[in-house]
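Which chain is which? They are A, B, C and D, in the order written, and residues in each are numbered from 1.
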Amino acid sequence: MSTIDVKNANTVEVGYDEFCGALAAHDLQALWSLQRKIMPDTPIPATQPWLWKWDTIFPLAKRAGELITIERGGDRRVLALANPGLHGLPFTSTTLWGAIQYLGPGETAPAHRHNPSAIRFVMTGSGVYTTVDGDACEMQPGDLILTPNWMWHDHNNYGDEPMVWFDGLDLPLLVNLETIFFENHPDLQQPVRGHGLSEQLHAGPGLAPAGEDRDPLNSPLLRYRWENTERELEELLRLRGGSEATVEFLNTANGGPAIRTFACQMTRLLPGARTPTRRATGSSVHVVFQGSGRSVIDGTVFEWGPGDIFVVPSWAPVDHEAGEQSDHFVLSDRPVLEAFRLYKREKLPDRQEVRGVFEPR
Amino acid sequence: MSTIDVKNANTVEVGYDEFCGALAAHDLQALWSLQRKIMPDTPIPATQPWLWKWDTIFPLAKRAGELITIERGGDRRVLALANPGLHGLPFTSTTLWGAIQYLGPGETAPAHRHNPSAIRFVMTGSGVYTTVDGDACEMQPGDLILTPNWMWHDHNNYGDEPMVWFDGLDLPLLVNLETIFFENHPDLQQPVRGHGLSEQLHAGPGLAPAGEDRDPLNSPLLRYRWENTERELEELLRLRGGSEATVEFLNTANGGPAIRTFACQMTRLLPGARTPTRRATGSSVHVVFQGSGRSVIDGTVFEWGPGDIFVVPSWAPVDHEAGEQSDHFVLSDRPVLEAFRLYKREKLPDRQEVRGVFEPR
Amino acid sequence: MSTIDVKNANTVEVGYDEFCGALAAHDLQALWSLQRKIMPDTPIPATQPWLWKWDTIFPLAKRAGELITIERGGDRRVLALANPGLHGLPFTSTTLWGAIQYLGPGETAPAHRHNPSAIRFVMTGSGVYTTVDGDACEMQPGDLILTPNWMWHDHNNYGDEPMVWFDGLDLPLLVNLETIFFENHPDLQQPVRGHGLSEQLHAGPGLAPAGEDRDPLNSPLLRYRWENTERELEELLRLRGGSEATVEFLNTANGGPAIRTFACQMTRLLPGARTPTRRATGSSVHVVFQGSGRSVIDGTVFEWGPGDIFVVPSWAPVDHEAGEQSDHFVLSDRPVLEAFRLYKREKLPDRQEVRGVFEPR
Amino acid sequence: MSTIDVKNANTVEVGYDEFCGALAAHDLQALWSLQRKIMPDTPIPATQPWLWKWDTIFPLAKRAGELITIERGGDRRVLALANPGLHGLPFTSTTLWGAIQYLGPGETAPAHRHNPSAIRFVMTGSGVYTTVDGDACEMQPGDLILTPNWMWHDHNNYGDEPMVWFDGLDLPLLVNLETIFFENHPDLQQPVRGHGLSEQLHAGPGLAPAGEDRDPLNSPLLRYRWENTERELEELLRLRGGSEATVEFLNTANGGPAIRTFACQMTRLLPGARTPTRRATGSSVHVVFQGSGRSVIDGTVFEWGPGDIFVVPSWAPVDHEAGEQSDHFVLSDRPVLEAFRLYKREKLPDRQEVRGVFEPR
């Protein structure tokens, strides 16, 4: 059996410059010249803190509704929030896809499925349901709808006004894992088995049909209604006091995250509340559902109001301050980091020094 | 409390071209123009199947040994295997860092730690130990040495010949998660508590000190000796027959992977063995430790011999054929995919049609 | 170091009878004489199938209410359902304690705690709350109330009628594990932090306060209301059809059983429904909440009506037949068996041959 | 649907004595009269601290070898260590079966299987193997052999001296769970697939055949050799210092206990070592493999030497003192308690007051 040979190795009698050229020619790179860049002392994210204004994105989404029809080949009328730090990629952070989807009256976004998982957080509108593996889930503002890994889904607007929702996907993560699968449904709309099935069987607190799989790939509950979320926020503030409350959306079968690859939360800040400065590994996207205020991210001030969306990069110091009472829907990649014990979070002792104010464009 | 407003939205009376310009100006991208690219039916990896020849990399590593000294600021004499599909990044696949490290007689690669985890698979040489959190682990050809997440490590050559090993890291994954932490040790070498401590306490089969943490971040065993690996391969072939055997390296505390973020395996093929054609999600790097043969990856033939290293991209069909008896050390990202139930593997019914032969450069 | 010695062993020159006497004298028993008894081919439970009639137990419980006052030293007015197969032990099966508790108007069962966990299933009455670690849980007929391992609890009747509930405990299991701890609270009643706290924070479907322990010892939800249970039963029957539906009560934090050591279920049978004949390892106690019918257990017919309670031993074939629509609350030790992979369940192909009718006494 | 009726309940106009009689007649027991007995403040085990002397049990085992033949119907020549606190049951504690098995030259204990799991700890002898699902495991003094849940096993003495080993089973636990299954093999001896198969594939430290089940019901390693155990004890003492070391026997596939329902440990005490006084919930059986000394259990002194076996009840204070260097094999039910978070362990501040000395009988 032949073994690794060091005796008869060629000699390469070259100077440093030629040596570097030889490396490049043979698809090699010298670590010593790039170590500090790829191994910094603390994270140096490419993801930039950024904010998209509702006043900018909604008119464009509406205009898209006039210009673009939805049909096979261009299934979704979606505007992706492309972080300017990511070299032109249509991703909001290196792990999270955030986007605005616009569905006009009478429109149907056709049925398909993919192994990236998605959530839909409804921002405005009415008269829409998303069918997920045959279960038609009504969508109301503030609702969270799951369309998990490989489940068929189509969106249907049977009302008379457009709906706009926030799409969150783990697509960038799966792109990086080079593991995307996608399939179109043979029909525009999949057959509907019923309306609100997942809520009928899985919204009973602590109740489940006997004998059910206790560790399913996805949460059996597919719709989380705003009225429940809001009640929970109110109870938390009433019972625990303070000026900040956060609710997490969970898989009703096993208490894990509603979607395995990201965390979904809703945070309420009371008027005037200012959070401590914190930082955590992993990125998060904030969708301002109600209220207005400002956040300081890594020294830059971001002013926000209803419908605005902003992203907080990994390990960036951040604090939030509510002018009026405010509700943020927050999507993050925390469970991915936790799976490998890479999640770190800390509270910083001091307020950040403000070094600038973000100018939305 | 202010809420999302759709009534007073500005109107954007622009044509399609202007509309597209407006999107770009506001950091938005239209999904309908890029959906098929980011959501293909099956994975289209950027990672290319590729092979680096020992005859090429060893002389360059040796020359680096003459040209580059190891000291603070350039800690490691490492040549990264840079996949040509990855736009100049020094990564072997989108999740795996593969590299060759060269350490000359009398040299010490100084102590540091980082949260990317690493394995070292020894290719050739003697007289070296790696100290991991105070435990000096001897390195012999065929050994696997772990330097897990955030453990101090330095490499020391006290012998009279150089050593070359393969470095495998989850660095690309952590770069994408934007979660790298790094620290230099105050001293060139960390203090040594003992030699082979992890083997003394954790190489007793099914034995562990009572009361020990049963779910540690990392395997308490840090060195997996070639003699044990080879014996296990021989037993497997003897007891189960066939012409192919694969051993997996595990965390002795909980039976999980030795390192949480990747799988390490050693595969032996008997002379003339040809594996079925398989494909799996996720990428893998093969280090040919002994023997020679060829692999067909996605229709291209790759000839390999001792010391050669090649990479198999996600979902690429692959089969291996051994000329003489061959041992491959294989590093893959399978546990990352499994954590999110994204791992898929299948055997293909037919041999691949060969469309070309890889020409190493 | 001295080692086991076989050379200098005494010789015992005795005949078989003397030998047997010698064994007994030295606290030894010969396996060969008892193997078939302790190692039968299939389970031979000591637990007998048995039934207690409401018409018998309620008048006695009521009379106890007249004869026995509740005070320190005799904390609870509880009648234990003592299985006649268990040699006088006050246990319903070898793992489950089932009992009837009676609390008159104005009475308080004083605060204490113990590591046996308990559930309370309310049979009749109103105007009572159980305080569990400061959380006052109202009790209504059909409700399930948890008083888990080591949580303070007292029961308080502030109404004008008595309440009767079923107590289920894992006490026999813990007696056998010889692991009981008990403590009286310094006061008759513990301080009340609030009313319905667990419901306010943990009855939002798929919602929980962020950052909460996801694997607590006990379910954070302490009260499971009958109205929710009944709605879930109705939905199950509506959506899945059939004439039998079973709901399981779960730990809202992790999807495990509401109490770690037993399973709680509610089964509804439609009028005329007859279940297949099944058997499972482990025992269960059925509390008939509504309706009437009969069950065949190991060949014996048990007629039941509202308030009756019966026990099904391990591996006994059983089928149930509802005359009118019927709801059974069922307590079993299934999670204990599952923890050690000792749970087996099967459907038998044939109806049981009826060999007798149970005569309640 | 008929519901629970309290209106038409019969009145029971009886005095206290008659009332008590009525309870008994209807299979009811009043909790208030028995609460302190079944709910003590701390565990009051029925299991007594007890010790069986090698000098007593070995001659009786040997005599059994002369008087009793091994054949179908009396499969095993086993003397059970029957705790005098357990009302004549042949159990060493309420959860553990401890016994001595004697197998003479040329004898075979026929093949059978049962869902109680067993371990064999070899005390003396040679020339024996136990076949476990076709894998012939050699037995040497100090070895631990597993015959887990439902695996076929027969014992075969092909040598010229008798062997004596300690049998440990979870039989009492399964008796209490009323879940015993047993089956005789059609043949006296099952077919042998090979010798030492489990060691050949699973004794490589941190190595396993790829693709193997990582959460099997039982450890894939069936024999734990004394030489490995002793080496681990020596290393532990050398590396960690102190005068006491304990090694635990684990499932090589997942790091859990070698057998799910009990913990197996080997403890070495150096000459003169005296442990702190500790107590823990759950019971344990100590088999003195080598050395001599004394233990104080709940105030009583137990002197022990090679081959002696003693039992420590739940929550009993215990400390051990080695005269000469001593090795104890210790079997306990700890994993059962841990599964339900009932395991508690503490170190007591003071030495126990000695109240008596155990007189073996």
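Definition applied: a residue touches a chain if its C-beta (ideal position, glycine included) is under 8 Å from a C-beta of that chain, and two chains touch if they have at least 3 such contacts.
Everything numeric in this text was worked out from a predicted model, so none of it was measured.
Any chain bridging chain B and chain C, meaning touching each of them, is among A, D; the list is complete. Distance between Cα centroids is largest for the pairing of chain A with D. Averaged Cα coordinates give chain A a centre that lies 28 Å from the centre of chain B.
Chain C has its Cα centroid 44 Å from the Cα centroid of chain A. Centres computed as Cα averages put chain A at a distance of 52 Å from chain D. Counting partner chains per residue, chain A has no residue touching two or more of them.
Viewed as a network of touching protein chains, the structure reduces to one closed ring of chains, two contacts apiece. Looking at which chains touch one another, you get A-B, A-C, B-D, C-D.
Contact residues of chain B toward chain A in the complex are 1-6, 9-12, 14, 16, 19, 22-23, 25-35, 38-47, 50, 52, 54-60, 62-64, 67-68, 74-84, 90, 93-95, 99, 114-116, 123-125, 141, 149, 162, 164, 171, 173-183, 217, 260-261, 281-283, 289-292, 305-307, 313-315, 324-326, 333, 336-337, 339-342, 361. Considering their complex, residues 194, 197, 199-212, 214-215, 219, 221, 224, 228-229, 231-232, 235-236, 238-240, 245-256, 258, 265 of chain D touch chain B.
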